[in-house]
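Two complexes are shown next, each including chain A; its partner changes from chain B in the first to chain C in the second.
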Partner chain A sequence: MRLPGPAVAVALLVLAATGTAALFGGLLVPDATAQDLTTGITFPGPGHPLGTDELGRDVLRLLVAGASTAVLGALAVSAGSMLTGNLIGLPAGYLGGRADALAMRWADLMLSIPALLVAVVVAGVMGGGYWLAILVLIVLFAPTDARVVRGAVLEQRSRAYVEAARLQNLTSWRIMTRHVWPNILPVALANAFLNFAYALVSLASLSFLGLGVAAGSPDWGRTLSDNKGQLFANPWAAVAPGLAIIITAAAVTVVGDWLQERAERRRLAR
Partner chain B sequence: MSIGETKPLIDVRGLRVGRAADGRTLLSDVSFAVEAGRSLAIVGESGSGKSLTVRATLGLLPAGLVAQGDVTLAGRPVSRDPKALRALRGGTVSLLLQDPFTLLNPLRKVGKQIADGLARGKRTPAEIARRLAEVGLSADVAERRPYELSGGMRQRVGLACALAGDPTILIADEPTTALDVTTQAEVLDLIRRVQRERGMAFVLITHDLRVAFSMSDDVLVLYAGRTAETGPAAAVRAAPRHPYTRALLAAEPPLDRRLTVIPSIPGTVPAHDAVLGRCGFADRCALAGDACRDGTPEPRPAGPGRTSACVRADVLAATAPAEPETAPEPEPAEGSGPALLEISGLIRTFRGAKRPALAGIDLRVGPGEAVGIVGESGSGKTTLARCVVGLERPDGGAITFDGTSYGDLRALPKGERARVLRGVQMVFQDPYSSLNPVRSVGAVLAEALRAAGRDGGKAEVAALLDLVGLRPDVAGRPPAGMSGGERQRVAIARAVAGRPRLLICDESVSALDVSVQAQILDLLADLRSSLSMALLFITHDLAVVRQITDRVYVLASGHCRESGPTAQILDSPTDPYTRALLASVPIPRP
Partner chain C sequence: MSAGFLARRALGTLAVLAILSVGVFGLLYLAPGSVERTLLGTRPASPEALEAIRARYHLDEPVVTRYLRWLGGVLQGDFGTSIRTGMSVTDAIGSRLPLTLQLTAYGTLLAVLLGLPLGIVGAFRKGRAVDRAASVTAVAGMSAPPFAAGLVLLMAFAVHLPWFPVYGAGEGFGGRLLHLTLPALALAIGAAGLLVRFTRTALVRELDKDYIVFARARGLPPLRVAGYALRNALIPILTAVGLIVTSTLAGTVLIEVTFALPGLGSLLVDSVTFKDMPVVQALALLLTLLISLVNLLVDVAYTVADPRVRFGEDTR
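This part shows the complex of A and B:
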């Protein structure tokens, strides 16, 4: 196997660190939200590598604890939209005709809606909340996934192996799931990676607007929003969560690209 | 630049190509020279290294490959001087590529693309018209774009572009492989004429022995990245001095008679570095002895102007090749008993097409009969087959298979459709796309067996693999890494898993190398008799249809031009189109 380049290696390290924080953040920094009002807001210094915010909370600890909601939420969005996209795109691409027309007009309709605006409205009307934000994003992301999957299926459908399967008189369901789907999986996965980065930023935006995670919770978007007024007292309180979002999103994109290239190479080496 | 008569324009010595990343060698010790006005055909099957040879000569290797050896083009040593090579390419040296559908820029007018190669002062409409006339095209073609031209016209334009810089050396890589047989003959004639008129040194790369011997003065036979044999084309053809050349010539099916068994070469072409330090052909060679596996055989003189890399070349010269046995022409069985497949008045017009793909075809296949359909691309032969198995929906006409009548197979009730598909199966052209890359061979065959109502257990899969001449351990492997021939055997196994009564082969041997093609044709003939199947064999290759079918239909533009016993049609065709097809088969130069 070819070794990943330096950019990919760095991205993989970033993702490993983020993943650890997301999964074990509660264990690593159990008292992340502990306030120390006597300290108040401080610049980075001994004991507080990134300083504290105005409630005296350690910014680094908040960052580690905040990975969980930010990253797992984005993961839920990309997984959920990939699942929905596959369930719609696979039959649309394989069966064609009316099923395809229906699915694609639905996708067109959904894509004509400004995503983040809808999320803001829905979350605002229904009172916000973390899981509602995730659900809204899944619904908004799914049409793009359905289109990508459909496109990949269309490319496979005309291959002789699919026709050979049809000559075995196999059911459409079996051909779709057992024959076509494994061949489009690399495309779907690569797309899920890109969605993850997008979902990370979108969820943070919603939290920033106060529509995702409850105020005061450790979440990158939320922390950024909470601390945006303290840019002069301790810039790191706002900049650090922002950087975390950007770096993680970039790392996921780099790794996603790398995986797609690898899948492509394997396909060509066939 | 003036060059002496005897000094070759291309002189390649000790060419070696390796991969930088892992140090693997792909090609060794290839040498050849071509003088002005002479032509050389580099012949070999896929994996022989023929394309690598010219790409290395021209400094056009893909990234990661490195060439060594001495290359002299038009008297200038270029192997260590990429700058000199760049100066020669496109001017003194020109390359004509295989695929006329991708070698031209679809958005630019033909005239502009030819002008690109002309010298700066010569880019005038008159000059472009003259260049088009040279390749047999009228001046108005200059104003057209490539998509408005047929494949043959595009390849003519490709040739005009290649000639624009007035090269003294022309190299053509499979220039007619993507073309229909009648078009191929025209383009080959054109290239040969232009080459003679201009007195260019010409190198032709081809897998097609007939094309090689009809086009060139000399041949170079490559095998597994090494020179097997070189010499004047006529002499090599008449008396090959390498067992591989002899076997390759024997494996080419004859057009004028039917053989009981087409002599095929067992196995497949090995990788170059798998057979270092010995004769690469030894494992497939009937003559091979201990000496063949001890050291790499060097090309040695074998007659006037000839070399052979066979250590037993003198033994070969002393023994005449076994004459393959001619089979008695089959008794046409038409009209006896009820038909297995009866097609009447089949019509299919694709949306947006100017003429129907099928314009009312009648066809009949008796039980156990082998019937051929011959035609060029666009004749409707594939559409016909796809209608029979329900991959295509005809607009009119009726298909009756084994008592079940239908137009659209997909519209039949489930039970009847299943019965038809159990009785008729199909083998596709491309063995690479017809197997699912993510499913193992065993899974593919087990599924086919279960679809035919069997249990699909390991023993059944092994028996099925044995039937098509594959070992049972193939079952656990994915198709990746298998050769084209092995894949096609798997595809055949899948098709015959349910013991169909009719097997449709749609160009099933066209994508295979000659030696492998012979293996597969023999396999299909064996299966036909052991499983008492009927065959509907679709091909553009008249020699192949002669070997495997009893009766033949000749299709052109959706119409049936002629039908009857294969021997009769090929020996005394009555339709002008059939005659044109027969006349387009390349004939070796005397």
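This part shows the complex of A and C:
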């Protein structure tokens, strides 16, 4: 679906801001989790543009500091699942036959249940934790990547350059990694970008349920859950991290759509 | 032909359920620490207690035997007793099931009421301001995790404008409806975004086809032409509705925690946190079963909506 140009520009700006906060948040607000129990929870006011939470922590500072676990974790999930998806989708699409059938049945099975439910049950039973949540999400996201990559490989397989490489008696591995892979990369990257938005939301959901980052961490999902009981004292303490998640995920989706459309146009132009 | 298609799908669903039941049974072994300790919960682990647990859950038998024993109980509706409350798992789930089903149904209904018209309008006014606004709204909606959307709604319509209650499930039909409106809306926002996308894409594709061009050229009334296009776009729309039901059901986990509603979702989170394995296993299996049933129902709807599926033709 074609999104207007200004939307893409705004989305890129949002991503630049979030990216800066994620990478340099520790430097910008070194003492974000510093508590000030004498202040307690307050409405937005001078010195605290978004107010403070129950522990007297400044909400805006928490927001900046929370970008890193929220965003970098999601990045790890989308990169990890893209890698796994490529490792499965490339041979499935290129070799076909039984390997392909097996891989696709596996993907069907994995995709028949919402990832969030599986993530809650598996991460919860195993005791939760940030890296566990990331690992579980990688496993759950990989089937989508595998399917997309396989589809793109099927399209490339019958091209003349693949035939030529085969006639040179190159190994299947070499043809897959050196010849086919660069041609499907734009598709895989655009998909990884869309996955990134979903990963951000899923990771925040797990943190919200207490299955992600440790208690007290300045993570968006966690801050939201810690402060959700304070709606009457300072609603911004919970709503601001919620809006941060929504806006970042929306911006990522907009940019992902734009990338996908460009990849599609390039494909059609050939 | 139709019977063959549905029988194949039903068999496939059974196979998926069988595979997943093994996974659900295996959850017991995923928990860190020994199985006896997990099943003991917070009770003191004296040698006698461990021995009693081992005898009660038949832990000395081979895994396959125990799986079959567990499955036998499950098929008769017996999921054992909750470690946390000592209640029968079946009773605990039974008392919470209605709320989750109501919430899912309400959320799905709102999503269809919001998403379908927006998608249709977007397709017919492709590229215009309305379409662009619908697209951006859809992206924003799809990006909003239900719990975040729920909190924003709570702040706006329960705290700032005190129209709706903040917490609780409500008494009677009217009270329930009032209490579930914000949670259902929070679930519907993301689902509606998905539906807008699917509907719009499917309709745009149909509207580009020759039969629509000819129907328009013959001067058929626009509404009738729209009817033709919609009928043919029904399959992808039905697929989206199926996805919406399942994602709404999954979303109840987050929403019930956000709004402190006593449903299956909050029970799942509590049980998972407490490692109340019999309850976790029962819920995992039940939710899987519900989702498989929804997917099967969507397949049935395909055959009703599209004779080409009924007679085994390729629909693409």
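One rule holds in what follows: the second predicted complex is superposed on the first by the 258 of 270 C-alpha atoms of A that agree within 3 Å, B and C clash if a C-alpha of one lies under 4 Å from a C-alpha of the other, contacts with A are read in each partner's own complex, and residues count from 1 in each chain.
To be clear about the criterion, a contact is a pair of C-beta atoms (placed from the backbone, for glycine too) under 8 Å apart; a residue touches a chain by one contact, two chains touch by 3 or more.
What you are looking at is a predicted structure, and each value in this text was computed from that prediction instead of being measured.
Shared-chain residue A:125: touches chain C; no touch with chain B. In the superposition on chain A, A:208 makes contact with chain C only, not with chain B. Contacts of A:159 after superposition on the shared chain: chain B is touched, whereas chain C is not.
Shared-chain residue A:117: touches chain C; no touch with chain B.
With both structures placed on the common chain, the touch criterion links A:228 to chain C but leaves chain B unconnected. Of the two partner chains placed by the overlay, only chain B lies in contact with A:168; chain C stays clear of it. Of the two partners chain B and chain C, it is C that touches the larger number of chain A residues.
Looking at the shared chain after the overlay, A:151 reaches neither chain B nor chain C. In the superposition on chain A, none of the residues of chain A is touched both by chain B in one structure and by chain C in the other.
Chain A meets chain C in the complex at residues 1-4, 7, 109, 112-114, 116-117, 120-122, 124-127, 197, 201, 204-205, 208-211, 224-225, 228, 231-232, 235, 238-239, 241-243, 245-247, 249-250, 252-254, 257. Taken in their complex, chain A has these residues touching chain B: 159-161, 163-170, 178-179, 182-183, 267, 269-270. Residues 16, 19-20, 27, 30-32, 127, 132, 135-136, 138-140, 142-145, 147-149, 151-152, 154-155, 158-160, 166, 197, 200-201, 246-247, 249-251, 253-254, 257-258, 268-269, 272-273, 275, 277, 280, 284, 287-288, 291-292, 295 of chain C are the ones that touch chain A when the two sit in their complex.
Within the complex formed with chain A, the residues of chain B that make contact are 389-391, 417-418, 421-422, 425-426, 428-430, 432-439, 447-448, 451, 479-480, 491, 494-495.
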